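Consider the two complexes below, in which subunit A is the common component and subunit B and subunit C are the respective partners.
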Partner chain A sequence: MWPSGTALHRRVWGWFEDRLGLNSVRQFIAHKRVPVHSGTIWYYFGGITLFLFLLQVATGILLLLYYRPTAGEAYESVQFIVTRAHYGWLVRSIHSWSANLMIFTAFVHMFSVVFLRGFRRPREVTWLSGIGLLALALGFGFSGYLLPWNTVSYFATKVGTDLASDLPLVGPALARFLRGGDEVGGATLTRFFGFHVAVLPAATTLLLILHLALVQKWGISSPPWVEERDRGSGRRAADLAFFPNFFLREMIAWYAALGVLGCLAALFPWELGEKADPFAPAPPGIRPEWYFLAPFHTLKLIPSRLWILEGEQLGLIGFGVLALGWTLLPFWAADREGLERRRLVTGAGVLLAGYLITFSLLGYWR
Partner chain B sequence: MTSQAAEGRRRLVGWLLGSGITTSVASFLYPLFRFMDPPAVPEATVNEVSAGKVGDLKPNSGRIVKFGSRPVLLVRVSETEWRAFSALCTHLDCTVQYQEQRRQIWCACHNGFYDLNGRVVSGPPPRPLESYEARVRGEEVVIARRG
Partner chain C sequence: MRPASLLVLVVPLWAADSCLECHSALAGKLQAPTATFAQDVHAHRGFSCAHCHGGDPNAAEAELAMSRARGFVGRIDRLAVPRLCARCHSDATFMHKYQPRPRVDQFAQYQTSVHGQRLAAGDRAVANCVDCHGVHDIRAVKDPLTPIHPLRLPDTCGRCHADAQHMRKYKLPTNQLEQYRASVHWEALAKRQDASAPSCASCHGNHGATPPQVSSVAAVCGSCHTLMEELFNGSPHEPVFKSMGEAGCITCHGNHAVFKPTTAWLSAADGKCSRCHEPDSTGGRVAAGMASLITRLSGVLAGADEVLARASRSGMEVSEAILRQREAQQTLVKARVAVHSFRVAEVNQHVQEGLKLAEETRRAGEAALRERDVRRMGLALSLVAIFITITALALTLRRIEGRSPPSH
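On to the complex of A and B.
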């Protein structure tokens, strides 16, 4: 006779417990707590970004079933996906929309970490790995943009790789490496496909493991003002069990994200555009994805020559300095005595967010 | 509220939640599996192809000709007699070839033999080869679907 439901559950659990030691994992999870304060809602964005990344992986694997990475077939294979494959338009649309939403939530996550001071000692490496993940996500966006081999993506890649060639010293070699030759062509497409489905996913997986392991090791940080308030009042800091309380809330957030994504993908399917023609002139209105719009618009505003530098070089050096300064944020956010420079950090965060939003909007409308 | 009523409400909420999640998971999986199923690609219907000039093939020899997207084996049996068969072995779809010494059609994959009427002579093929019409039109050899 079959054992009753509970007995069967116990036996199945016992079988796995004997072989995998699941109880230690369960106890480990049971001890994990999440701080509760007015900013707790921002903690969900890291998880949502992870969820959107997982969706990217799943839909990316599905697209690989039909996609062909050659200049002669790429556009036609995507056309086949969106017009002939069952639900192909939905799979591609979810892949494209979730990529864009993932970069958006990654930015929200980054700024929330800044404003809630989640980068402070001992979480500097968590911050650095997060910045690395954001850079990889932008790399995914840049490489994936070319894959449908349409006019907009072709010219955006030409502009992007041409910009890389303006970097001092390494520029020309880097541009040649990215293009797989002197021009954007079939070799570039094959290369970008390789980056998109092999190199970047491998690097992201490694960095993601490090990032999550560090989040696990150091726990979720409380903002300093919450810590001070709790210390001052002498009460135990308010928190929430990670499992099941926070976990279930996170699942609801994932479900909501899926709902938003499903609506966007179904109501605004990602367009394919015209097939790229390397011998056709660039059509008007060529612009990169929205997350590259701010630097794109900035470069438009810089004069062609300033002092001994060309405008593009100056822009690239400026972006480089800005990115480096931002990456090193945990190291200048406190003085040598360990006193936090709160106003400086908040000001830098507001300025950067303001710059990105304003210039992205200007780049979009002009 | 009695504990019995609370238990009943909890069971109802659990049931609603469980069936809701099951339905949504099914709604995600359905398009996923449908996507993995390759759509049928209609091929342009080919009823007749040119297999080249009469002089291209000497008597007692054969060659594979493209018939739409499928291979067809054209055999010149004698000076005036031509035969054509589907080149796909009825055993496991390997492409067959003409063997001049035996004057038979041979599948190298599992050593199946067919005669010049497409009938199985030996080996594992379960059915005869599908036969096509081969005729000479002027200087040209033409292969056509039967019927």
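On to the complex of A and C.
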């Protein structure tokens, strides 16, 4: 398809081909296929997450042109962006909304990989890099939340870093490192800004390259029951050309996501709130962003002391163990003979998704 | 040596207390004090029964412990209570051990009060220290459970002053507490839990409790409402009220039942001004002029509020305008305060300032609403463009897949 067209087109293509060897890329893409089955729709969520991340990068760079990361100027600079800078309100709203949608689609992507068994050998490292990317996305959310320096973000960060200080052994040192002192203040804002625009983007870029490279290397996996069905029937597995068929469908999904984002940004512009006042009492009902609500609400339900441990400490240890177990999913999803523990994996996935949804809703309404 | 210091020497603070041991085993009135004394601030500081009642708390036998020879005085006569408390509470050196900045003038003040003067004249029914502070469960002044805590003080005073039987011989009204409970002061104190809101003692004093006289009412109110007092003292009303023997503030605002003032007080036929001023008199016209200005500013401010609220509900960023609007609201407060000058020009100055600010904030709100409409139009156009693009992509896909089926 590519080399066809006018003579000029062919000459330009030829010029690049001679210098970049694009033919191999073309060949690779031309042969890339995507499995087709009842769960194919879930494959689009990885791409939508990538699209929202790219939007984050673009709008984040635009916000950087005006944002000033000091306690004295942060709030005013965001206020300037949303009230004075041309389309600043749109850029900021899209940045905030797409961040939230990106974390949502990342979770959907993760659970779809679990339920479609996309983590199986040889895709263990793809899974690990994906979990790493989700953790980084949560880090982006936590660090970015403070940057407007408003009352809600200030006190939510205070609660968040207080929780970090409850971690056994490393807690106090970690909290101090995050805050840049004993309390959330100007030093915390500068640090969080540094994490948000330098450390996390660098780590994300590297991990994203690895993740995408592995997806290219191993291709998109079919669920085991689809593979078994196709093997049993002796037919070749149904699939779809990545380009242009899957690509065009993905484009439609991206445009739909853009439409949803536009509606959210224009009809529900992200609030700025009131400037943070470290000396003011914490307003009632302080809670973190929705994606931290489930653990936050769980910690509130744990008694303050259990056995020899503080309740919160125990909760954090529990979350740590849970996160580690979930990260190592590909390594316990099959027994030593390589037989899949399907019920166990599906049960764990349903339990975790149910827990996150239920406790997030409880945390939101209480 | 001071009497209080002597007391401490006679009854060491660390002594074992046979009073509590024996009385806690008794019943009724003789046992009751032992149940509450543990919460008493004096018990917390190591004082025992004997510090007030005398006797020997180290003696095991009741006869010895309550021996007159060992200073036992038994039940304290009501007339002797203030002087007994004053033995310690008027001794600055002694009190300094317990408070860094002790107050030691309570007894002297009490003696100047109506309560103190009547007690000195032998009236056992008037309030002394224990009637307000409690007897064997006296708590620190800052303790929220003490009867003299600001939030509880009106009820404490009301125990006697709202009791018609108790007040009969003094020929005093007993509706003060009821009136106070209808006032703005009570609303601030009880509903908003504002402990700094005025209660009985704020105007009448506490230990030196005396009713403010006609000449001192303005000074009493002015201790909080300073601007109003200043304006009133420079107003044409001040000399007139003085010559008429009217008690300043309470002529319009009342004393215990102090209500929230409204603009109708100035302009309505049954308002405060119309009690003395005919509508077509100079005073009546001034009142109507001030009312008209305040009503106008209130209306304009309400309009600007409404526009800003609509913009804010639409998610528009109008925090700067809302901040300016708060300044504008302040001018309304100032205009209302300026009424106490009883001069239209004084009120008008603040009203004009407020109108200017309100106009500015209303415009900011309207600009935000226009911007909101532009955004929604932009969204609609973008959605159309997105829809067209999606349709074009879908058609392209169908054309490609019609030519060569995608799936094997």
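We adopt the following convention: the second predicted complex is superposed on the first by the 361 of 366 C-alpha atoms of A that agree within 3 Å, B and C clash if a C-alpha of one lies under 4 Å from a C-alpha of the other, contacts with A are read in each partner's own complex, and residues count from 1 in each chain.
Going forward, a contact is a pair of C-beta atoms (placed from the backbone, for glycine too) under 8 Å apart; a residue touches a chain by one contact, two chains touch by 3 or more.
Nothing here was measured: the structure is a model prediction, and the numbers come from that model.
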item: Partner, of subunit C and subunit B, that touches more residues belonging to subunit A; value: C
item: Subunit B versus subunit C as contact partner of A:L361, first or second or both or neither; value: neither
item: Partner chain(s) touched by A:A135 [first = subunit B, second = subunit C, both, neither]; value: neither
item: Partner chain in contact with A:A348 - subunit B first, subunit C second, else both or neither; value: neither
item: First (subunit B), second (subunit C), both or neither touched by A:L62; value: first
item: A:A85 touches, of subunit B and subunit C: first, second, both or neither?; value: first
item: Contacts of A:P269 with subunit B and subunit C, given as first, second, both or neither; value: second
item: Partner chain in contact with A:I252 - subunit B first, subunit C second, else both or neither; value: second
item: Common ground on subunit A, meaning residues reached by subunit C in one complex and by subunit B in the other; value: 90
item: Interface residues, subunit A side, partner subunit B - complex; value: 62, 65-66, 84-88, 90-91
item: Subunit C to subunit A touching residues, read off their complex; value: 315-317, 319-320, 375-376, 378-379, 382-383, 386-387, 389-390, 393-394, 396-397, 400-401, 406-408
item: Sites on subunit B touched by subunit A in the complex; value: 31-32, 34-39, 41
item: Contact footprint of subunit C on subunit A as seen in their complex; value: 36, 79, 82-83, 89-90, 236-241, 244-245, 248-249, 251-252, 255-256, 258-259, 262-263, 266-269, 271-272, 274
